[in-house]
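Heads up: the structure comes next, in structure tokens.
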């Protein structure tokens, strides 16, 4: 018996020591350890690289590594190299809670993350306590709700995307009634809540709200219910593959009302999966999707990022990759003038004006930590498997 | 609710239900020869779909060749799984084996993620995707494929269990392995065969449903759960029960969307499953097992 | 008053009648045996006596109390305990712990007291331990007290079950084929144990296939065939009963 | 008698040893991260101890304990944020809620056997998970609940991981003592008897239904306390943390460590928690390695880590003739 207890003890201690050692080693190797004259700026990131949110988190991680590499190759920030420590929360906020302490103990000067709204919320208090800036890449409204001293957001807030959709329905389509079909994950539910809040203000009536589980294989039942209503359009809020499934099922059921998507489907995967059913789908997206819609400087930024990403990862970046790009570059810009002092850094981020990013032109103020505005999104239509900008004036 | 709407819910339920039923069959097969629940069953489905996709779109093989190759490959995975991870443990407790299948499921899922990436993929429907109208409701040809294959499979399985020597041997080795061994049945081979068959059925389900629902590395857990629920609802030891359970589960889900709320559909389905179990502790068609003392 | 009285006992499984209108009585300090060919319904009678199965109809009266259909643990509490034909020892425990489980009904400490580890719980536990050890001595297994029960050979499993059943302090002990799998020497020992049990004031009702053992130790024998009682009486009479010989003994001889 | 006393004595020494070591552990780390991992480890050990009583001792499988974990966390979160009550009420509320729900669900569910029971507990957990998602007014839906206050005693705030750690480990030690006491008591034997042969247990006078329900409730309460502690540590709860995957991980911890042994539960929970934390750095390969290790351990040590360890020690002892052969047989056979 006694030997057993000793063994249990030794084992747990040994494993623990091993765990700690291994973990730190791993972060070191995933960062770019370039010889630097000045002390490197350590930036932490908490991203959902694996788990259900990985379609969002994995490109974010790729982008962060890509951009940091770029910054360091250009000589760093005022001679300081940037070291990025990326933690995977496996799409579970529980892991984000421990990861944030790990990053803080490494002495990071800012944290990018999380990928999802719950993870961003889970780490918010701890980061605020440590008084360093947080750059969230998720869209949930409560992230930048008070207290928001230390948290910024680079994803367009759901409010922006939803407003874009509502404007489109009211101004371009001129309809009165619509139905919602959304994912039961945080992305879909946050969008649904915002639609419910903003639609009545614009004089729109929501006739039916349906949802599906992320993995659901068949949405014909939900769509049948919607078919039985007087909805003039269907708004589908989710990330792949749900919305593609919905588009296909709509075709099968012979539902002909227009399909309006969310920025969650602003990627090639949707078109591949939905096939012919993707034709005519309209959704809000950052200008990155249709570079021609961006003017001058932004077009250039977007094109450069897209070709760089494609060259390294043989894949097209999606909207969420754009959020990571904006987060790291806004931070880098602020670091240039503020240095690593936390108060100064936050003030500098709050001073960001006209930053040309992927998701939009960012203007933070002391009050507004969202940065982007309605103007930074466009409505996009899928035509012949390609994205084209749906101009608000078209139907007038 | 209008009749055509009701019919559409029913068809929708039967479509999802027969997917669950096909997967539930895989659970029954392994349970019938080992008394095991194979938590990696859903991963067979995922592998079947993804391998077929690769053979079809990357290797350019026609569907009619890609499908059987995919099924055979997954059956081989099933055999390897049984030989390496189940056979060495044949004297261990059931729960130990179940944890092994959990481990295998985690392994397969994440290897698939590395091999095929995170995005789900699709296959074209076998015979076009023009929906067929039916009293104001519609059904896709691919759904008919799923339903037909499910029915044929369960009939063949019944014949297999009742008529063929191997089938009878399978049942015998589940009920009393030592006795079956004494009767000259090689129980170890029987278990291997049941894993191969179960994996093959899983792969077949994966191939059949990919055109309907797309397949990505992560679908296994969800489909496995539904299949398990269907099998338990119908009675784990009975293939007809498994199919019935799967279809009933699909219909319950679909109707609860129509009547209650789509957000609660899983809760409703599991609630009814619990109720059924409280009334019939061995599922709808399950045998009541009496312990001999 | 008989210790146990079985009146018109019937049990049906689906359409099959396993026990049909069986009557018998067991008096205090008797050793009584139930015999009959395979499938005669002997174990089913035991299952009903101990509450494992519910009788379809009929009555079981123990010490003047109707116990038919009562839950097993209640019946044990009243003073009937049993062993099993397919031994049901607790393989996940040591031999002595198996017997200590038998003390359960005669001890009182509940979940809360045990959780806190109260002194009274610990005292009770060591008393259970002492009692269990003395019962193991009775069946001659005291040397194997700390072995895992799973390692015991068949014969000792039956003895362990007897010790465990005795730990519940029964007034009536039901033994279901205790001699199955025993050799002659072991059967002899078993007979001694059964006598000792009776000597300790416990009435014994047993189901047994070993005819020499039954005829040797029983005061009275009940014969079942296809669920019906076909004879009852002292062993010598039973051995000469034509119906019994025809239905049972003849068959047994053929098989032997 | 002497043997029993000796056993009790080693048990106490073991507890004291483990307790002191664990209390001293955070002194080695000034770093919040390690302490937080230790807190999570403590919470996992607490839940696994309870689950081990249910699965290892009573033999009743539950693939639904994440539901109780979550209920504990949500009860604490709701009581403190919505009603502004003291976190201690949160802890109390979670125990009461978990206990009542567990009791209600146990009565019909524990009549089921084997895989049917497993499915029923799983189904129950799925229903609870749907409720976490859908009862948006109470649970906050997918966004969860944030701003959960920290525990305090008489003005002493457990506001840093180091401070909370002390509390968590006191609770874990209490859970450990309860488990050890119970395992070797009249009730513990009754539970093992139910596992070994339900029909024989009933014939020995054990009210099998009662004990199955009692132990289910106890294990649920352990999980609820774990959930409550988690909520107060993290300050945030959301449905993503209480999924089917979490239930399965808990069961895996029990089996991996070795069933029906208190120390096995500790080894299982510690190994898996630390392994998960350690592997996180491997990202895509993380779960591949995890799955592989799980399969390998179970294939080569079907009795779990504790069982395998006993065997190895037994072999070593016999190799060096430290103990006579007969005693060695015993440990090799178990």
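Here are some notes:
Note that the chains are named A, B, C and D in the order they appear, and that numbering of residues resets to 1 at the start of each chain.
The rule is short, and it goes like this: contacts are C-beta pairs under 8 Å (C-beta built on N, C-alpha and C of every residue); 3 or more make two chains touch, one makes a residue touch a chain.
Please read these numbers as outputs of a predicted model, since none were measured by experiment.
Looking at A-B and B-D side by side, the one with more C-beta contacts is B-D. Set against the Cα centre of chain B, the chain with the most distant centre is C.
Centroids of chain A and chain D (each the mean of its C-alpha atoms) stand 35 Å apart.
Once the centre of each chain is set as its mean CA position, chain B and chain D turn out to be 32 Å apart. One simple way to say how far apart two chains are is to compare their mean CA positions; for chain B and chain C this gives 46 Å. Among all residues of chain D, those that touch two or more other chains are 133, 199-200, 284, 286-287. Counting partner chains per residue, chain B has residues 113, 221, 263, 266, 293 touching two or more of them. The residues of chain C that reach two or more other chains are 52, 84, 88, listed in rising order. Those residues of chain D that touch chain C in the shared complex are 1, 4, 8, 177-178, 181-182, 184-190, 192-193, 195-197, 199-208, 214-215, 218, 260, 330, 333-334.
On the chain B side of its complex with chain D, the touching residues are 31, 37, 39, 84-85, 88-89, 92-96, 99-100, 102-111, 113-114, 221, 225, 228-229, 232, 236, 261, 263-264, 266-267, 270-271, 273-274, 277-278, 281-283, 289, 291, 293.
Residues of chain C touching chain D in their complex: 50-52, 71-73, 76-77, 81-82, 84, 88-93, 97, 100-105, 107, 109-111, 114-117, 121-122, 124-126, 128-130, 146-148, 150-151, 164-165, 167-168. Those residues of chain A that touch chain B in the complex are listed here as 50, 52, 54-55, 58, 184, 210-213, 215, 217-218, 220-222, 224-225, 227-228, 240-241, 244-245, 251-254, 269, 272-273, 275. Chain contact summary for the complex, chain D toward chain B: residues 55, 61, 108-109, 111-116, 118-120, 122-124, 126-127, 130-131, 133-134, 199-200, 244-245, 248, 251-252, 255-256, 259, 284-288, 290-292, 294-295, 298-299, 302, 304.
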